[in-house]
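Below you will find the structure I want to go over with you.
Labels A, B and C are assigned to the chains in the order they are written; within every chain, residues are numbered from 1.
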Amino acid sequence: MGLLGFIKDYVLGFWDYETPKVMIVKNKPLGVIYRGVQFLVLTYFIWYVFIKEKAYQQSETRPESSVHTKMRGTAVQGDRVHDTIEYAHPSEGFDVISTTVRREVTYDQMQQTCAEHFSVASANCTKDSDCTPGEVNFNGNGRRTGRCVPYYDQNFKTCEIQAWCPVEEYAAVREPPLLEAANFTVFIGNTIRFPAFNVTRGNIKVAPNKRKRQKYLSKCHYDEKKEPYCPIFRLGYIADQARENFDELCKTGGVIGVFINWQCNFDVDASDCKPTYSFRLLDTRKDLPTAGYYYRFAKYYSRDGVESRTLIKAYGIRLDIIVHGYAGKFSLIPTIINSVTAMGSIGICSIICDWIMLTFIDKNGVYSEKKFVDARKDAIQPMSTAFTIVSYGSNHSDLSDGVPL
Amino acid sequence: MGLLGFIKDYVLGFWDYETPKVMIVKNKPLGVIYRGVQFLVLTYFIWYVFIKEKAYQQSETRPESSVHTKMRGTAVQGDRVHDTIEYAHPSEGFDVISTTVRREVTYDQMQQTCAEHFSVASANCTKDSDCTPGEVNFNGNGRRTGRCVPYYDQNFKTCEIQAWCPVEEYAAVREPPLLEAANFTVFIGNTIRFPAFNVTRGNIKVAPNKRKRQKYLSKCHYDEKKEPYCPIFRLGYIADQARENFDELCKTGGVIGVFINWQCNFDVDASDCKPTYSFRLLDTRKDLPTAGYYYRFAKYYSRDGVESRTLIKAYGIRLDIIVHGYAGKFSLIPTIINSVTAMGSIGICSIICDWIMLTFIDKNGVYSEKKFVDARKDAIQPMSTAFTIVSYGSNHSDLSDGVPL
Amino acid sequence: MGLLGFIKDYVLGFWDYETPKVMIVKNKPLGVIYRGVQFLVLTYFIWYVFIKEKAYQQSETRPESSVHTKMRGTAVQGDRVHDTIEYAHPSEGFDVISTTVRREVTYDQMQQTCAEHFSVASANCTKDSDCTPGEVNFNGNGRRTGRCVPYYDQNFKTCEIQAWCPVEEYAAVREPPLLEAANFTVFIGNTIRFPAFNVTRGNIKVAPNKRKRQKYLSKCHYDEKKEPYCPIFRLGYIADQARENFDELCKTGGVIGVFINWQCNFDVDASDCKPTYSFRLLDTRKDLPTAGYYYRFAKYYSRDGVESRTLIKAYGIRLDIIVHGYAGKFSLIPTIINSVTAMGSIGICSIICDWIMLTFIDKNGVYSEKKFVDARKDAIQPMSTAFTIVSYGSNHSDLSDGVPL
């Protein structure tokens, strides 16, 4: 069969089917190992890949999420009644909302000169020459004037500074923590959309009519067991779920993550797709001086052209709403790809079993002799002999090439 | 060939090439099925995986995005002119920006006592004993003093409360919706960077010089067809594209998602990579009492040491700028991996065709006889016989092992 | 062997092991190519996939991150001392924080009538009829009254408008840039959690006790080489690292990305997992009229019932804290999957070598004759002949089917 014949064969042979020749080894232990490995691979694919991991589904892990928060509650402090307009920040209601639970207020600060706080480095002095005029100490509150003045109503002296006076460390009024905030509620509305499947879901219970829903929302409080579909959360409940002591939180403030988790299977009814909630203190800096959560802001007033401000150091409970979403739906492409991978992996069994067979079982080389055919030896020596015998009863044009069968 | 010979063979045979023996089946239907399945698999890989999904590319799906927004516009309400400084929140211009479209303003609230709103549970009273002193009703506005007082200028009475007075539900002044806001514009600047490829792109049209660009930006308004590269959007256009009625939105407020979508192919010129925009109401709670978007805030004033506030319930149109980015570029690794997977998948065709052949075509067992060679039977029985005959004309050292060829 | 026999064989043969028959080609060049390709594939998998890409690990790329920022510093401007309460926005300390570095302040704006700025289109006039009453020019500042009035203290006239007067363009007082802001520090606390591994890590140095840590944090400044674990950053250092001129930034403002990058390998000690920082100007619109970063806000005052405001155009340096996290840990599943893929890929070598062999080496068709066995020809012609001979010395029930071996 020359080159021409080869090409002819190739063209003619396009519609031929080629299948590998296979040697059957009737060896029970080997067979058991072979089937055992096959069974493991199949089980892995069917149980883990297809049933547990749902590899037949197209998945969407980055849904579009919109969060809307609103805080509500009234608290009484002394003879003053506070509502959440004073307490909740920012008021716009995005996916981060915080409530002030304790305040240290410095009233009526003005641009003036006053004594620096004694804790600031090199602020203590006895005479004016101890204070460098114009110096701005980084940990201090302002610019030194160069004078040494009595520290407010005390007997010692500190350097005078030009700043918002009086300084916060001296003049701040510590208000008691707002323990009533445990009863504040926060409404967390979350709408999620899976663009790949064009499904939109919300976390608010579907009620038959608007009035019923309004009534439900005006009364319900979220509870994992009793009211899992009410999106209104008591701050005290959130702290409990995050395993934090609310009274403790009120002293230092803290950042709590509210995790909304959507696990949706759109092969079943989309309306079964409901969120679960979990809560955890995000800020783990418990042993740090900067632990907790606080920030400072000021309210500015103008009286007869003179600007004054009220400085507020606000300790807050901040809620970070973090939405995780996952949805899957049957799709042909991943099903095919994973099935192909599964089938391909079964072929791996052969590699393992071949190694076992050739190393441990095939002591006499029987199987290897049979499995491995030497192209040269086999072709030229015994078969050519056999051929001589065989050729009596046959008629091959192939012989003209001098190539044995 | 003993163990020693096997080892010797193995060492000598390291540079041997091993290739599976293949049986050719000249069966037209089977060949057609075989080539058909191969064609399907190849088509799937070439068309879908390589051309459509661009599997030869390395991809980057989580680019770094920076959004900068600015709102602009002037609206007249009665004899008052408002600019966006009053309307846009937050002023800093992050990826969420909102404009107030309607306000309910409660002027001059002070810490006082006043009558509770009649809609609050158990607020209606006829005598003082109907009101529990110190009670703070959760849905109410303050702490009850225990007195029953006339409801403002009405004929009935409600419990007196200590709160920010007067209560919002009674005193709020409803302003008309700001329909002119449809002409407000929002500038949305978006810079995106794909770290894997170190390419940075912006959504603002590249103009030959600064002055031309400034001129362009001062006049252009985004329009999908006419001005696709102008980053300035009319609020009315956004509402239209989101298929919402702007007048309706002005009444209830709403949250609209502005989706900026980057699909970049860096195998071609990176400057061809331009964003597309889409708009959709994110908040689907149309039939809810809390539908729409509003929030409350207050402006605080201090007059002669007495604090007062103006409480504003602001209905707003909030824009959430959501950026999706995807970029791909040729890379050797995924090209190799996917080519290998493609070749491997063609092997799957054999599994299918083998099954068809052995089950449907191979009625007489001709092919299975040929394909499957029993290591024992084939080796010991017929071949050994053949061997006896054959051995006449040959001279094998192999025979010493007693193992037939 | 009939259908019955086939079924019987199949049932009995369940525990048989099947292995492909292999032809050995003793061809040195081909063997070298074969082993070379195998070596390349193995090297790729072992070195790149397993060692470099750590394919034996389960990975987590979307950790939960909580960012907490606080700005600190004092700056003197004229005879006024500013602290960060006036400069930092928003005060709450989320993952975006900005500092005002330059201000253009328009004091005492009130709802009045005044002259429009001359740069507004069609604002210049000589007589009242040049101004359309009620017109609201989009690029203007208010509603035209229809009068033509002198432009403040100048000799020319512009249309009168009803607006917040005086207009910003005319009355704004440009304050000098706050170059001292280079010494402002920003504390960036970042806590990261990998839910898949339940490991939480923070970016603050672990000190033996609270007091030592407090002392450390009160003094340290981040420096890539000297203090890599101090979370307090000088603004000047950040600008340097982002390769920006701070003085330049102070004029135009700018948005700088602070990238916190966690690369964690939990197969080693989790406490080795520490973040690296990088800084880059996010806003690349250098040649744009809107380049830099500024926003406007106002402080509102009420004096004797008349509302006034101070409008502030604030140029700021905004820091966007962007956290990237990646963690890996040994896991059985990906190890198995990738090993299987690696083994499967070695099979690809055969496809390449077969092609080389049959095209370039196998000139006489020796190998192809040997590799490809024609089911029909091989079975019926020569073997049947051989069979005739062979059958003498054997006793096959199979013969009853008339099918040769």
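In the analysis below, a contact is a pair of C-beta atoms (placed from the backbone, for glycine too) under 8 Å apart; a residue touches a chain by one contact, two chains touch by 3 or more.
Here's who's who by UniProt: A, B, C = P2X purinoceptor.
None of these values were measured; they are calculated from a predicted model.
Chemist: Which chains make contact with chain A (P2X purinoceptor) and with chain B (P2X purinoceptor) at once?
Modeler: Neighbours common to chain A (P2X purinoceptor) and chain B (P2X purinoceptor) are C.
Chemist: Have a look at where chain B (P2X purinoceptor) meets chain C (P2X purinoceptor) and say same if over half of the interface residue numbers show up on both copies, different if under half do.
Modeler: Looking at both copies, the contact residues mostly diverge.
Chemist: Rounded to the nearest whole Å, what is the centre-to-centre distance of chain B (P2X purinoceptor) and chain C (P2X purinoceptor), using the mean of the C-alpha atoms as each centre?
Modeler: 14
Chemist: Residues touching two or more other chains, restricted to chain C (P2X purinoceptor): which are they?
Modeler: 18, 20-26, 90, 301, 344, 347, 367, 370-373, 378, 386, 389
Chemist: Going by the contact rule at the top, pick out the chain A (P2X purinoceptor) residues touching chain B (P2X purinoceptor) in the complex.
Modeler: Per the stated touch rule, the residues are 13-26, 64, 66, 68, 70, 73-74, 76, 79-81, 83, 85-86, 90-94, 180, 183, 185, 187, 189, 191, 193, 200, 202, 204, 210, 213-214, 217-218, 299, 301, 303, 333, 336, 340, 343-344, 347, 363-373, 378, 381-382, 385-386, 388-389.
Chemist: Any idea which chain A (P2X purinoceptor) residues touch chain C (P2X purinoceptor) in the complex?
Modeler: My answer: residues 1-3, 5-6, 18, 20-28, 30-35, 44, 48, 89-90, 96, 98, 111, 136, 138-143, 161-164, 255, 257, 259, 282-285, 287-290, 293, 295-298, 300-302, 311, 316, 318, 320, 322, 344-345, 347-348, 350-351, 353-354, 357, 367, 370-376, 378-379, 386-387, 389-394, 396, 401, 403, 405.
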